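Two complexes, one shared chain (chain A), two partners (chain B, chain C).
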Partner chain A sequence: MSAVDRLNVSDRERSEPRSSREWLGGRASGVLLIVALLSLWELSSRLGWVVSAYWPPVSQILAAAFAQLMGGEILLSLAATMRRAAIGYAAASAAGIVLGIVLARSRLLRCGLLPLIEIVRPMPTPAIIPPLILFLGVDDALKIFIVALASFFPIFTTTYAGVAAVDDTLIQTARTFRTSWARTLYAVVLPAVVPAIAAGLRTATGLCIVVAVLSEMIAGSSGIGYYLIETQYAMRPDLMYAAVLYLALTGYALNRVFLAIEMRAIPWMGKS
Partner chain B sequence: MPRSSEPDGIGYWAGVSPAIVLCIWELAGRLGWTNPILLPNPTQIVAALAALVASGGILTPLVHTVGLFVVGFTLAAVIGTGIGIAMATSRRLYGLLEPLVEMLRPIPKPALVPVLFLFLGIGKATMIALVVLAGMFPVLISTYQGVRGLDPVLLETARTFQISRSRMIASIILPASLPMILAGMRVALGLGLVLVILAEMLAAQEGIGFRILDLERSFQIRDMFAWIVVLVLLGAAMMKVFDVAERNLVPWRGRS
Partner chain C sequence: MSERLGFDHVTKVFEGQRGEADFVAFDDVTLQAGPSEFLAVVGPSGCGKSTLLRMAAGLVSPTAGKVLLGDQPVQEPPPGVIYLFQQYAKSLFAWRNVIDNVMFPLESAPRARRGELRRQCQDYLRQVGLAGFEEKYPWQLSGGMQQRVAIARALAANPRVLLLDEPFSAVDALTRMELQSLLLQLWERRRFTAILVTHDVEEAIFLADRVAVLSARPTALKEIIDVDLPRPRDQLATREHPRFLSLRHHITASLLGPNEKTNEHAALV
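And now, the complex of A and B:
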């Protein structure tokens, strides 16, 4: 999991304020590259270098994306997907944090539950969907459950590792002062593990959208994942690319929002 | 973060609770508490699995899935490491590629499955491309972090000795940032497997993913569970192989 940790640190560094001139100065060539690639795409389609129904010009995709703003199916589908992702994420956060703390502090529960968690963990998410369809149907219950299950692991793992890594001296000190169990948890353990929990929560924010989309693809009847498959079969690549664009924007925005909250709420993160 | 080898006080207890769960599951099945069509007993699943292995039918799908995965994962690792090192060692390449990477990275990778199917057609090349796309970004970013985080003294020393750029990358930068590169590859491993299975479910005519969804749709639930067991074992085996490889490649990991 250390990769995930370091990524977080790096993203924090990257998100630190810097002057816009400095930003553009280093990246002007990169922005140009993107513009060049997009122009090439546009031209190749317009001038017929690539003759394919699946290769619409960029402008057409942007037009389709823009038209969707005036009330289109994409935004409705996206909203449905995000709702499922959010509910699953909330459930996973609660379960992951609570179990992470409890299992790290109690040997009995650890012996009982950790092996079970370790068995389920390596299972690729798409594989769990077909058997669950049998029990939960193909509606919200299935997708929310899958999102929750997949998001649970990073949150649980980082919380568990974070609690296990809390300096024992802190806890011993609290014990010396006869601090109650609940107070030790609240005033000593929790602040020390919040950065670890935040790291897990952040990994899970990206993951919950991914899983919501893929579950809709496999067992879909609504949502943006289903919409993507639908437009693939309907041969509407412009709408499909527009949907991907919206998804990418959502993913990017979520990450940014998370970073902003993290920086405000946990200023001590990444400094120990 | 504690190392995986750190004792968590479980030891031999690790097998107890799964065994209890399996016993309850088996009992519930035998006593008729569960619907035997929807949820076969563990013994029935094991029997189905044994039949699968005995008939040799396990081979083709397994080879299909593993083949796609290994090719895609290798490419992702090589490309991700290469671009990561390039971006970390050259200011100019960083400026050139960073906006593109930042643009592509937040796309949820499953969303690219239908896109690539339309684009490259349905086939093995497409599925490999998906694994590459999913796997290369974690490797790339982790590599970049690893190289940027290297001790400047190390690099300055090399520069003092006027080592050539390629030699510096091969004998200093690459080994020193290996732990981070491997950490990125570990993330890519899980993601890659997810993408292979998803792609097989959506479009392949073969492979473990295809089998699982196909058997569910034709209501052969026992065989479906047998294939899921195969997949879990495969995932666990790959993780194990990766752990062993990591321990051999970076024996000093977690000690610094």
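And now, the complex of A and C:
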């Protein structure tokens, strides 16, 4: 019954029982460091170690964050930013996944399109915002385009590399069962690449928010990026840091949600 | 259901890349496995045994000569010629559970027959000793069990010819013996033609009706040896049979070549 034992072991590994002692050992020390650093910040401001009108204590930032939440405007700004990020991200995902798979599987398209992609990829996205403002204006079209462009590359690159890394044995297996080209693509190659695609998508979730905020700072009339610039002009560092706090929390939450979806949808990820 | 599979004066040359010399993998090999025969092919490692099977499966085409399935030349993977890969872990679909892996070759069948085919697949799983593991995923199984899934999947494809590419070389010795016995059981029941490529002389003798010995590069057929051991074969009785030992001696000596001393230690490759 050794085989059954082995099964039980792998099941146990997956369910990862979280005892409180484990939590104390793993997570807690990380949380402790954050608390320590925030306390240091609080003290440095309160006790005058850093003398500046623009170095508010943490407690004041938290109070500002609470006031922002009550006022509701920060949520509107966050929603505006997230909407742009999400639209750009969706467009980038579709383009990146489709092109990644198609280019990896078709020699003709690869020869045609890869040089173009390789030329555009090293361009720092922010650098093309000023010229694009002249062309696309300062509205959503510009910001969504920039978000999509920046998010496209990690998704495309990991998908493309993922397809290239699909083990030949899988393809040959499908061939010996006389599987058609189209079915090999969607029933063998595509699921085999899903873990790679997921890795690219996860990188892009962080990036799309970064670029959305950046584009709002350069050419904005709404969103967190614009809010940051506005509060900078108003010389309200407490509001600025509070807004950054909301961004950090959003990014963290998105990543956790993404990981949870990955665990459920791709249980074979990292297993072979 | 079975079919004759033959290599008719097959030569395979791999073109050298960037000025390297061409590499002759096979030179004029003629070899045939009759219907329902179990043919084993042994040869030194790197002699291109897998290439031979890939040509039989229609995955690679010979440079000269013909691979014949019955009377038909093999050009692309023919129906009913199933390849069992050495790397079972890489040939199973990690995103499919056990039963869905076995179902894979049958999914082009009409939807109405799905239920019936699924029951069939469950029966194949029972035959390879994996009843009750239908919903597990490959990574939840041991190596030997994964290869059992691959065998069940091969059965589902209704093989006329089963090509076995060192299928048990990656599992431990005990599991290997279990799988060998399982394979013989299934072969005796289904009577497909089996061609096994291996570097394990004992495995070849234990399983096969005939053993073809290949020489090192460029690979040519050295000799074909009839395995006149009684069936059904038994892991203990067969391996202790005097004929088994003399066959092992003969084939191992043949593999090592005339220049090697054939003392028993050297013979245990």
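As a working rule, the second predicted complex is superposed on the first by the 229 of 272 C-alpha atoms of A that agree within 3 Å, B and C clash if a C-alpha of one lies under 4 Å from a C-alpha of the other, contacts with A are read in each partner's own complex, and residues count from 1 in each chain.
The definition used in the following text is that a residue touches a chain if its C-beta (ideal position, glycine included) is under 8 Å from a C-beta of that chain, and two chains touch if they have at least 3 such contacts.
Every value quoted in this text rests on a predicted model; they were computed, and no experiment measured them.
**Student:** Of the two partner chains, chain B (first) and chain C (second), which one does A:L40 touch, if any: first, second, both, or neither?
**Tutor:** neither
**Student:** Looking at the overlay, what does A:S29 touch: chain B (first), chain C (second), both, or neither?
**Tutor:** first
**Student:** For A:V244, decide between first (touching chain B), second (touching chain C), both and neither.
**Tutor:** Only chain B is touched by A:V244; chain C is not.
**Student:** Identify the partner contact of A:P115: answer first if only chain B is touched, second if only chain C is, both if each is, neither if none is.
**Tutor:** Once the two structures are laid over each other on A, A:P115 reaches chain B alone.
**Student:** Classify the contacts of A:V194 with the two partner chains as first (chain B alone), second (chain C alone), both, or neither.
**Tutor:** After superposing on A, A:V194 lies in contact with chain C but is clear of chain B.
**Student:** Taking the superposition as given, does A:P267 touch the first partner, chain B, the second, chain C, both, or neither?
**Tutor:** Touch status of A:P267: second partner only.
**Student:** Per the contact definition in the header, classify A:Y54: touching chain B only (first), chain C only (second), both, or neither.
**Tutor:** It touches chain B, and chain C stays clear.
**Student:** Using the superposition on chain A described above, determine whether A:L214 touches chain B (first), chain C (second), both, or neither.
**Tutor:** first
**Student:** Between chain C and chain B, which one touches more residues of chain A when both complexes sit on the common chain A?
**Tutor:** Partner touching more chain A residues in the overlay: B.
**Student:** Per the definitions at the top, what is the overlap between the chain A residues touching chain B and those touching chain C?
**Tutor:** 2-3, 6-7, 10
**Student:** Can you list the residues on chain A that touch chain B in the complex?
**Tutor:** So the residues of chain A in touch with chain B come to 1-7, 9-10, 26-31, 33-34, 37, 54-55, 107, 110-116, 118-119, 122-128, 130-131, 133-135, 161, 164-165, 206, 209-210, 213-214, 217-218, 224-225, 228-229, 231-232, 235, 237, 240-241, 243-244, 247-249, 251-252, 255.
**Student:** Tell me, which parts of chain C touch chain A in their complex?
**Tutor:** 57-59, 77, 79, 81-83, 85, 87, 89-91, 93-95, 104-105, 107-108, 136-142, 144-145, 157
**Student:** Enumerate the contact residues on chain A facing chain C in the complex.
**Tutor:** Residues in contact with chain C: 2-3, 6-7, 10-11, 167, 169-170, 172-173, 175-179, 183, 187-188, 191-192, 194, 266-268, 271-272.
**Student:** In the complex, go through chain B and note every residue touching chain A.
**Tutor:** 1-2, 6, 8-10, 13-18, 21, 38-39, 91-92, 94-100, 103, 106-115, 117-119, 138, 141-142, 144-146, 149, 180, 183-184, 186-187, 190, 193-194, 197-198, 201-202, 208-209, 212-213, 215-216, 221, 224-225, 228, 231-232, 235-236, 239
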